[in-house]
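In this document, chain identifiers A, B and C correspond to the written order of the chains, with residue numbering beginning at 1 in each.
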Amino acid sequence: MVIFAFAIYWLLGHPYFVTDRIVMLFSILSLSATLIYYTRAAERGEEFYLRPIPALKAVEEAVGRSTEMGRPILYVPGIQDMDQVETVAGVVVLGHVAKMTARYETSLNVPVSRSIVMKAARESCRDAYTVEGRPDMFNEDMVHYLTDDQFAYAAGVNGIMVREKPAACMYMGKFYAESLILAETGNSIGAIQIAGTASQAQIPFFVTACDYTLIGEEFFAASAYLSQKPELIGGVKGQDMIKLAVIAVMVISTILMVLYESTGFGFNISEYLTIR
Amino acid sequence: MFWKRQVPIFIVALIGSITLFGWFIDQPDVKEFIGDDATQWFDVLASFAIILGALNLIKLQIQKVLYQKPGWQYSVIAVLGFIFAIVAGFFVKGVDDSVAQWGAHVTSDGTLFKWMFDYVFSPMSATMFSLLAFFVASASYRAFRIRNFEATLLLVSGIIIMVGRVPIGGVISSWFIMYLIVLGLGIYVNSIKKDTKVTFVFVAVGVSLVTIGGIISGWPVDQPGIFYLPSIQEWIYYYPNVAGARAIMIGIGLGIFATSIRYILGIERSYIGE
Amino acid sequence: MTNIENIFLKIGSIDRRWIFIIIALVVVVPLLVPIGLPIRATDTSKSVYDAVEALPRGSKVLLSIEYSPSTKPENHPMAISMMRHLFRNNHKVYVTCLWPDGQFMAQDALNQVAVGEFDKKYGEDYVLLGYRPGGEAVVKGIVSNIRKLFSVDARQTKVDDIPMMDEITNFKDFDFLFSASAGYPGTIEWVQYAADPTGVPMSSGVTSIQVNEVMPYVQSGQMVGVLAGMPGAAEYESLIGQKGSATSGMDAQSVAHLVIVLFIVLGNISYFIDRKRSRKY
């Protein structure tokens, strides 16, 4: 239906359409269709294998450890605002962690760096506690605002770690240079540390200093793992299929470019793949 | 229920779709909405939302002081600092209008706000960042162990980058590196053969070859280039590092794409608590 | 032999505070007693220098400052060296900031270089447009219509009243862009939304940790070289022939890196001894 409508629009002269970007539009539509296909397949009952990710299995272990030790869990959802997808993913994982803390009656401390994140994280925690049947345990101040400034926030979180000595520290979101400051302080207090970020430059610091790290896409797939919802698992499978397609395009493009540049045979595929 | 569920999902789907597909539309109003208005709406929301955060911060700090909770003295400093920043930003300029107008006073020399920035905020920010120097040392010391092949590769490339990147790496001769490699290989041969004679012969031959090569070539510091730390460091940066970085970037980009599409299509509804 | 092994084992389990003290000493001492190690410019730094040197006299250069006091030791020397290079070649410098702290950094750098060293005239040789909130929206705004975004400069002077802004309407009116960046928003946003779509050449100075993220853009030619961290800043200082704080910091950084490598080696020796003993027993 969509393709038919677009075909009519194209034949009518495609007014207002940026023709240079047709390849990008086609890519977005086909990748979205792949995601939707696998999501629907999962909803219909098809089972997909997801490799085990130790960091996500460790989340429940960390909550259990905190409960046994009678110490709180510290959850840091990154230092950026809700306009960053990583922060959104961090708030999603917070919801799952909040369900576990509600179930095990462990206290949860979520210092945030942005006011909108504070509101979103509070809603996520409130609903998690309600779903677990423990709305009485939810306290708005468990999600609290510190400051927008990067290093002032790091200092504030470090202070919380050193004073309250949480048994588990989770860093899930977008981080910058403060990542190692947080992780090393967490290490010095003996907490189990689980990190998840797509911030390329900070992944090595978390890998070095934390017990478990979710690298890049593993972090985005975390909500699928923790919830085990079919539609989310289907989405992860769809992502993998998209990656296969990207690899295939890269290999074919390389061969075509080598052929074109060395023998003149074929066409310059980079012109079609360049975003304008 | 309608306002708490369907309306938010509709707003996300509508604005998300407009922002996504608007990139393909060559119409000034659409382009202006996507390029300027949409992001500025967010900034306006965030700016108002900061009042909520500030009120929350002050409420918690004052509660700590009133109930004398552990560490309440630090909360006094937090509240005083908050009040001082508000006063310096909105009420007390510290100079005449002829020196600095309101608005420009935040960066003009002589104002209270600039004083606060130069003598309070800047040193404290720099101090927190400088902690990284110590933490990198302690983290490296603790984590860089030769446990397996990958850890060894990480260790060796880390050392090459750390030393090759700074001027001292340019002073270390490639012949010194070759001697180190011969000694390292000697240790490896010894761990396999466990024969002192074999190890001695291996190391002796290696050292002799390197020495002869050095004498013949005149011991140039940066030749052979394959053993010169700055050259190796540049190669690692340009090739394996960029290849890995690109792969991770593509993976992260796909992850962001998939997550965003899930939000636009309403599959992921965690922002409303589902 | 056992005594030596025990010493190494003790070193392997040393309290981290000793490491902190040693690092503090090896950083402070070279700052007080400089060694004077030679600085060798890398290809990426040379590319930046050559690109700026090749600009025709009087070119309009956009200099974007997006770093805060925390990364001042890395980024500020880059901004200062770049300003020195630009003013020496009599280019017109337009300064914007994507970070609020960047405006303070820009003001300090301009006071030191434009006013203190080159006696340049505000409004004719350089202008500080200031900070505007919005991240990449600011970059897009500059690309489409800079005058809509910056109706006044940082001194609240109307942009229409500034002589050197007469020929500037949008990003394409600039001949070159240099971004001194410490994170988001910064170099990547400038590449994605400004330099690459318009074809205006750009270069950047970034913190060492960001070089990974930025190097693919350098390799693909979307950026002309990059100044990588304090070493990059020191290299640029040596290329323009005027040493600054980055050069003096390189001695300390060199020694600190060597000491960290030494710690790693000692830690591994201790690890192997410990492993050998646990296998034995």
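As a convention for this text, a residue touches a chain if its C-beta (ideal position, glycine included) is under 8 Å from a C-beta of that chain, and two chains touch if they have at least 3 such contacts.
Predicted, not measured: the structure shown is a model, and the values here were computed from it.
By number of C-beta pairs in contact, B-C leads when B-C and A-C are compared.
Innermost chain of the displayed assembly, by C-alpha centre distance to the whole-protein C-alpha centre, is B. Centre-to-centre separation of chain A and chain B, using mean CA positions: 17 Å.
Centroid to centroid, with C-alpha atoms defining each point, chain B and chain C lie 14 Å apart.
The geometric centre of chain A is 29 Å away from that of chain C, both derived from CA atoms.
Shared contact sites, meaning residues of chain A that touch two or more other chains, fall at 151, 177, 200. Residue positions 16, 68, 70-71, 212-213 of chain C each touch two or more of the other chains.
Within chain B, contacts with two or more other chains are made by residues 39, 125, 128-129, 136, 138, 140, 142, 144, 245, 249.
Considering their complex, residues 31, 35-36, 39-40, 43, 47, 101, 103-104, 106-107, 109, 114, 117-118, 121-123, 125-126, 128-129, 133-134, 136-138, 140-142, 144-146, 155, 158-159, 162-163, 165-171, 230, 234, 237-238, 241-242, 245-246, 249 of chain B touch chain C. For chain A in complex with chain B, the touching residues are 16-18, 21, 24-25, 28, 31-32, 35-36, 39, 81-83, 85, 88-89, 91-92, 95, 112, 114-116, 118-120, 123-124, 126-128, 141, 144-149, 151-152, 154-155, 159, 163, 177-178, 180-181, 183-184, 187, 198, 200, 203, 205, 208-209, 215-217, 219-221, 223, 231-232, 235-236, 238-239, 242-243, 246. For chain C in complex with chain B, the touching residues are 16, 19-20, 23-24, 27, 37-40, 42-43, 68-73, 103-104, 107, 111, 130, 133-137, 140-141, 144, 154-156, 208, 211-213, 215-216, 219, 228-229, 231, 234, 250-251, 253-261, 263-264, 267-268, 271-272.
On the side of chain A, the complex with chain C involves touching residues 80, 150-151, 176-177, 188, 200-201, 276.
Remark: chain B residues 20, 23-27, 30, 39, 42, 45-46, 49-54, 56-57, 60, 70-71, 74, 124-125, 128-129, 131-132, 135-136, 138-140, 142-144, 245, 248-252, 254-263, 265, 267-268, 270-274 touch chain A in the complex.
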